[in-house]
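The two complexes that follow have chain A in common; it is paired with chain B in the first and with chain C in the second.
Our next item is the complex of A and B:
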């Protein structure tokens, strides 16, 4: 059954089959208007079906190229590509080390932890750090921040941006010989201008938002990071049908994967924790269940160890599991030092 | 009789490059079979896929097609595996070998079931039309993971999703049989009744793969366990251990 593998709706498929169109060849020579009359559908719909069919049937004919599968890449090419990919620094040396340089582009990274551990702080920090100009070793990109909980604090973003600029000009003293020429002082306001902020108030909005991102990013090519804070919030309430939730979540995860790959940007999902009952004891795990745990490339868990904050790599295809301390300061996420005075925010 | 001859000639086993698993499976992955790896998150499914891919590419000089749905294909890790294999000791040619081997591994990212079916169809047509020489023949097809493609379409909206799932399964099996490929798919676990984990995709998928292997990992260590859930000619329930 050739029609079964076409991405058209079930009702359209039903109409096609009952009208006697079961193979690609029977459809290939039709005009849209004839098909529209036969199936009693609109011309546009018929045109769409024919477009999909011609795409499908083109794949069946080998087009003379030697590639076994079109659009595939060899691992060798990918290795080189990966070497040239840049990472978004977290501003914490230890954390960057265990992450292999920072948050990787083209991957979906999930970060989870208990309340107050610094998930949102890390999110804002990444939104700022992605904008570090190329000659300072950054990406010089823009950020999309999707806020579901309403926890994005503008004042805090401003603070972090100011500290980031401070650090940059501090570094440039010994990095840049030609100090005068890069005196184009970045303004914290510019940093805030480059964060596209979306407030999402329900899970339908969240899904619609992610569907819309594809279009938005093709208009704003310089977006390098998408942060969703948090992916969980709306999915933890008002759901009676858990099977529906699983379907929606895995569909959403695939769309995010596609975005990450297509525009080579980093997707960072912040997640909450939940308790899980295993073998008579309660354990803290990330929310949204077992099937969700498969849907991201990397998984980082933030936890308290005594009164120090630690990050632990729970899952990654290329990195070994490791943990590293970090701290949240007035300037944002920084390397943990015992001398560093931790400032409690909010 | 003809079938037996066919089995002896074409249906070899591909070594996985990991002794424990090879011993468990009496040599490795069967060509012509659909092997399914089931396990919870971070139990080593992708690691085994990458390991097998690099092994098949080096030892058998066979092509590998990797269908990736989770951006989890890591070329760095592959390069690492290849460098570990002691066959490549000649330092000066190592880089050449690495390039040659890694060019054998094709990776394709797909994000919905239709794209996957297109890729598999395309593969089928090109395999059929090409006169294959022993060296460049595609030997292994990996889909990591099939469950993340199928979960969004399964259930709720009528029997269509199920039909797609079954047809995808049969297409993979047909490809494995006709073109002597080993096919590996990965599947994840969901909480079943009473909080006990069970493989996803339900009862009707259960009958599709020839071999089902269950992976698990001790929390906090890199030792993994593999046990046979289903096998066409070996008793189930045996287990092996390996390290990542």
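Our next item is the complex of A and C:
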């Protein structure tokens, strides 16, 4: 690692270089006060520089103890971690199957599809399902819902929460009896209470919001899912400078990945579709372009197959691509049955 | 919030002055740069940049609400929990009470199916006194296709609500509450939208109808990115009006044959 890549300010870097410090090794044996004298800066500032340097050089040098590179994990450890990873159910058996149990925590999942396919429905469903208590096989967590389009429907959230409670009490009849005695019946109100809702009105607010999430989640540790509906909306307008857009988007994606890992929560990004002109024909693809598609770990595309709704795993490092039918009912997302078909109007 | 001034955010003066000196005055400008770029530009250490960005982000972020608090607010403040009944039984049931407040509702259908008729009826319903189940407010009707017919409206009114319209002077009163705008170009439409946003609350407007969106946009542009761009702006502006004033907005759209994808 070179000096030029250290996260210190330009003037400090200039002083270092002009005083002849060009490599890490030349800095590593210095005391803060010598450096302060050499560079004519305060002791505190010198200390800060040395701290940054020692952090930077640690990445280069073997640590000696158990790990060869600091912060690395062996694949074996990761396997164990992955196995204990929790999933948020989608309430649709087929969809859970192809997703390997549901939407994974610690990962960023992008869900896209044409208008009316049920993206927001799935979003609300996940915000409710994350709250299913641990003894019912859920996570017992809370949800953050970031709404950029104004499409979050309270009435729907209430209906889905009611249906979820109904399903839970239905299930508990089959489960051990002793559950019921100590179980206090959940109220739809409690479910709504645990959905933190943010209405974002511009892309600046969206970036600010994502920066702020780190602090917010530190204060609300039981948040297990962050849903952004949709990640696209503000980035599809008001942008003349596409390079800036790409930069902002990839910065945002990085921050979200970091959040997912740090707080082991699931990040779900809903995306819109756009038409792409390739080889003389128009094709539907997800919006925001190619560089964005690289930044999501998992990508699920929702589409119409005749009269039925299908989900397709378009991209995932661990799951095979597969598709499964699902349906949107009054109770929310459910396993597709032949009854629940779209009533064609066109 | 995006254009909020950095100087008013209560950052420590030393760092606030550096932002000002580099001509980064708004949150939008600061957040459009990465932390690394900011560090270069402001010539301060990473830690200070990170904390400044975190501070700005926190202030710009929208306030936290839980879905429950939203629900309580709505039940408390709004007539019929935020719905304008259409008086069509099946439709009202499906819509959970009627045309919802605070969001955009689009009416689509082939020519002659009755989109404009539907809008006329809704306008009447919104202007009716509360004792008859109306919203007792003004209606702004943006008539882009010159299809609004006052005679037809009065006719609908006197047939559907004879008890109101046969009272002396009531027809005048009701019709007087409906303000019709006839923009002839997109720029004119844009201008009236901006005016409407300001005057909505003061003038007790309870419904906004736009008949139709398509007529305005298709007239002006060819297909392509410019059109998409401007349409996007209009839609988000109309949405913001809906949310900020919590009134129902109804937009009609034409039915077109398109290239099958």
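Here is the rule we go by: the second predicted complex is superposed on the first by the 276 of 346 C-alpha atoms of A that agree within 3 Å, B and C clash if a C-alpha of one lies under 4 Å from a C-alpha of the other, contacts with A are read in each partner's own complex, and residues count from 1 in each chain.
In this section, contacts are C-beta pairs under 8 Å (C-beta built on N, C-alpha and C of every residue); 3 or more make two chains touch, one makes a residue touch a chain.
Computed from a prediction, not measured in an experiment: that's the story for all the values here.
Once the two complexes are overlaid on the shared chain, A:244 sits against chain B and chain C alike.
In the superposition on chain A, contact of A:201 is made with chain C only, not with chain B. In the overlay built on the shared chain, the residue A:31 is in contact with neither chain B nor chain C.
Of the two partner chains placed by superposition, only chain C is touched by A:192; chain B is not.
Shared-chain residue A:257: touches chain B; no touch with chain C.
Of the two partner chains, chain B is the only one that A:291 touches; chain C does not reach it. In the superposition on chain A, A:44 makes contact with neither chain B nor chain C.
Residue contacts after overlaying the shared chain place A:23 against neither chain B nor chain C.
In the superposition on chain A, the residues of chain A touched by chain B in one structure and by chain C in the other are 7, 10, 244, 247-248, 251.
Considering their complex, residues 1, 4-7, 10, 13, 56, 59-62, 67-76, 78-79, 82, 106-108, 243-244, 246-248, 250-251, 253-255, 257-258, 260-261, 277-278, 289-291, 293-297, 299, 314-315, 317-318, 321 of chain A touch chain B.
Chain C makes touch with chain A in their complex at residues 1-2, 27-28, 31-32, 34, 36, 39-40, 42-47, 53-54, 56-68, 70-71, 74, 96, 102-103, 229, 232-233, 236, 239-240, 242-243, 259, 261. On chain B, the positions that touch chain A within their shared complex are 40-42, 46-47, 50, 53, 63, 65-66, 69-79, 98-99, 102-109, 111-112, 114, 117-119, 121-123, 125-127, 129-130, 138, 145, 147-149, 151-158, 160, 163-164, 167, 188-191, 195, 197, 200, 222. Taken together, the chain A residues at the contact with chain C in this complex read 7-12, 48, 52, 145, 149-150, 152, 154-155, 157-158, 189, 191-205, 207-209, 211-212, 214-216, 233, 236-238, 244, 247-248, 251, 275, 282-284.
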